[in-house]
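Chain nomenclature is as follows: A, B, C and D, assigned in order of appearance, with residue numbering initiated at 1 for each chain independently.
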């Protein structure tokens, strides 16, 4: 059994980690930390967990963490992870960070979007934990930067096609839509039920911090700088993310080549499902699961490919992919503890 | 491994059975039937199941059913189960019926609420599958009538108190509220999104067919006829049921006796959780799980007890309790395959 | 034209007042105050109002208020209104207060539920603004205490029957359900979209502050002390309130007498609609309107009457009734500016 | 007073027409027809209308229609309007058709997307009722083809910029999102609450029938053939439509020119609001109103303009614009009967 701790366990991503890890057959969940709720039972914060997760929240203390756990998930606000990670790594722990702190190789891009980086010595070693793409690198990682939810939903359909040169990567537009849980558990006017229900809106148009994260990965894959236009929207639902991606297809490539490329790339990876030709993805089909479903159509008049991907933003977009990273790092089957059957409704 | 078949697998209750049973460690799910979709892949009806449930829907043929499965779940419209069950039982199968056909001992009450009964010879033998209450009888049952969702949510809090004589069973009012999935998958104006969203209403006030079902069980427990006033309502959410039950407390009994009675009764039964004194049940705490959470308050001025229970209508109110019944019938731990961790949101 | 001001115009009730009054043909809306947003355009807070309500928020200053307006609506937190009202009344203004401060004649009951009362000299004069019940008193009022949303929905169906002696007023149970806007615009975990969506729960069981308000009115009508058991619930929708009320009918009275009593009582009052016999009220039928729809059924086995009423909690439950009060106080037709056609969906 | 009839009054668009027209100060609503509900009171179909709209549904008979009304709104399924319109026009009536039958000048495009056209003699005369764009033509029209909801939301932001030559009209991508009421009142699995709630999906990707409608108008404005890529999505809400439109800006044009162009174009038209620079449109800001709100951002790295527009699909996207057309045809102020104050929530 792997002894596992979750730092920041009472936010939505942290609690989702607790959900998945408490049922993982190879995990001994030993530690949940929370600055705000230290000393309280986890099931006082989440009464759904009564009788299921019986831990008390601990403070975020390094010695305690190192004593209790060997694999550590950090579901903390950006900036805190980079202040803790060096010590944890130094003491031989494996770390999976759900913040943006270790997602970037390009520190300037990170610092432009976030703040000064205080653990630059670790960014080169850190592996970008997009499991299906960086599977090999993750195997030997000590430190994984778990991808953002938008980047996950946009990169999974694009990377194989960009790698194969089937699309013109200078023409990418990504129109993405997310459920409200992506905004976290903090009570704000933006997440007030009466402001969200019966409402649909765009936000951070073309300036979202996930933009440079996506571009860094696409540039690495393409071997040259890639920029894209990225617009996120808020959907009145708890979970789910759908990205509609527009990109021009290279002359000569058609639906057949696109399908083959995606099918081949994802054949070894059961969490990515290329949907049947007559279907289109729907966020409800992946709700509560670690799946990413991908479908597509070609607008033949403009030769514009329309890729559509769906994930559960809290699972494949956060906690589920984090556990998948742990599985790969520990040499376990990547689906272990994660392959729950989806809800029909 | 138990070979299991689901008749009527494409309705919501049937599909929920498929969800639970496909992940059950002691079950080999061998058969899904559907009149409407026979010949189609189950994942064509529920694309969420792609790569997870790989069965094709079969027609509802007795020989096929008996060849493929040893335990049979029937998620069929009322009336059909009683035409099939005698043959299945006769051929040595164990049957769990999710319809009302085998819930009643009082055939007159059944026929008044539903239609003429055509398999009366089996109703005496059939066991009412309210797991925590009829645990012993279920162990040896060949045929279980799985309780309705409303009866489950109303009987679990009431039965121990009525049995113990702590409440005046002539004063019961049950005000119940259900999510929309309880109405099934059929497309009707009543389940149209635009008619349900931003709407709340009562229906079948004091004439719902679950009324006599509840009364039959309460009367058996009380040892004399019990009637109650029961009003169901429709909540704009997919899953979840909450019942608010009003009943006068017997002189001398107070909160302490109520809590002890419920705690004692349910101590051996992990799926019923008596919530902490400072909390009240919320349907989201049991969503996607087989839990029934119960809380209560006493209006001391009127000596009226207010019991509040919540279940997921598709799990403890249907498919989950059906699988719990199977576990008990097969001598397996009752939580086997059912004890998933709840979602935090 | 009546010069009207709204104190506390940026909360949900205040903004709903602004919506109604800005379209009222006899009103000149001259003043909106807001402590938090003073100096900002009202349409900066509510962008929906761009081009429609062109006022800038002012601070809550007595001189300014008295200079600008002759009728003043107070949509302020409890306690503040009683500190302002005496001055406004003293300077000849008419005041409609949406808080609880002037709803009670029984000051002890008020102080037990809220806080010490600092303007007791006005409570005797203040009229309880339940328009259809206290129509005559309201005509000459200088100060109206606008009823709470729960009391409105519970009193309108009960008052005629209690007055007429058709029901046993010692047996009342009121099970009420409200949309989320009743909790106001403040961002709290309780109103967070992810905590409300796909959730249903009870709160403040038998201890809600609207309980004594309802009892004071019923006692006045009955001519003796009345207590009731009152349990509020939260529905995942923005607007709407449904109350299911259980009460034993007096021997000899039946559905015919109930219907006649309600029909007669509300014949002069177009905002109360007794629904057709074959129908039941639905909150969507009154959404965005000042209607209260009432339906009922009799459980003949127990002689228990089940009354069901629906209102829009922000309209008939708050701002709409407040404007109706103004109309009556000003001698205008009570439906003036309020009789908008309901939305079909 | 204008005598007005609505054909097909019980669908969502027809009922929304009834809502608006029953409160229109210059309209005498004399006729509601319904094939399905002829003979029934309109308030039996929509109980919200009890006491407000007192008409009984009539059958769809030409003589009756011509006798009762002078202006006729047709909210009927495509194909029926073109079989009725010639007779109505011939008898001197003014007709506003909400179907697609009279939206096209290019009959081939119509027939490819819909079916053979049987009233081609009228298509040349019919005016495309996009009020702010074809204001002058509408004034003298006898027959108006009321625009589709998606075309309205996509054309309003684009037309001024294409007309002015500020954008490269060969680069348009329109990613649109609609509430469920756009699918109509028919009960289907697609509109089942449990299939829509907590779900987000695309449909009819690049093949929606509104595509050629949009292209015909843009081509007329541009003076040369324009094609665009158009992808609609379904949002779990009743009302509202948001379109995110991506188009490359012509060299030399910037945010200032874009804003001036839109501001100038819509200065005379109060129903189109260009939102403040620091804001973005939200469907809730236009819910229940005839407004179209437009905002935009420029992705300077790619010179790609991102236009965002919102409408209420049942109002500006259907019934509201239809009434606006009637106002213009009758020489009434275009906002008459339509300028209701928006709901704050």
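One rule holds in what follows: a residue touches a chain if its C-beta (ideal position, glycine included) is under 8 Å from a C-beta of that chain, and two chains touch if they have at least 3 such contacts.
Bear in mind that the values here come from a model prediction, so they are computed numbers and not experimental data.
Undergrad: Same or different, please, for the chain A to chain D contact, judged on whether over half of the interface numbers appear on both copies.
TA: Same; most numbers are used by both chain A and chain D.
Undergrad: What chain is the most remote from chain D, judged by the mean position of CA atoms in each chain?
TA: Checked the centroid distances; the maximum from chain D is B.
Undergrad: CA centre of chain A versus CA centre of chain B: separation in Å?
TA: For chain A versus chain B, the centre distance works out to 37 Å.
Undergrad: Which integer distance in Å separates the CA centroid of chain B from that of chain C?
TA: Once rounded, the distance between the two centres reads 39 Å.
Undergrad: So the centre of each chain is just the mean of its C-alpha atoms; given that, what is the distance between chain A and chain C in Å?
TA: Distance between chain centres, rounded to whole Å: 46 Å.
Undergrad: By residue number and range, which residues of chain C touch two or more other chains?
TA: Within chain C, residues 12, 181, 194, 197-198, 236-239, 282, 284, 287, 345 contact more than one other chain.
Undergrad: Provide the residue numbers of chain C that touch chain A in the complex, in ascending order.
TA: 12, 180-181, 185, 187-189, 191-194, 196-198, 236-238
Undergrad: For chain D, which residues count as touching chain C in their complex?
TA: That would be residues 12, 15-16, 18-20, 22-23, 44, 46-53, 181, 197-198, 238-239, 270, 273, 275-276, 279, 282, 284-289, 293, 314, 339-345 of chain D.
Undergrad: Which stretch or stretches of chain D touch chain A in the complex?
TA: Those in contact with chain A are residues 173, 175, 177, 179, 194-195, 197-203, 205-207, 227, 229, 231, 233, 235-240, 242, 244, 246, 280-284, 287, 297-299, 301-302, 304, 306, 308, 310, 345.
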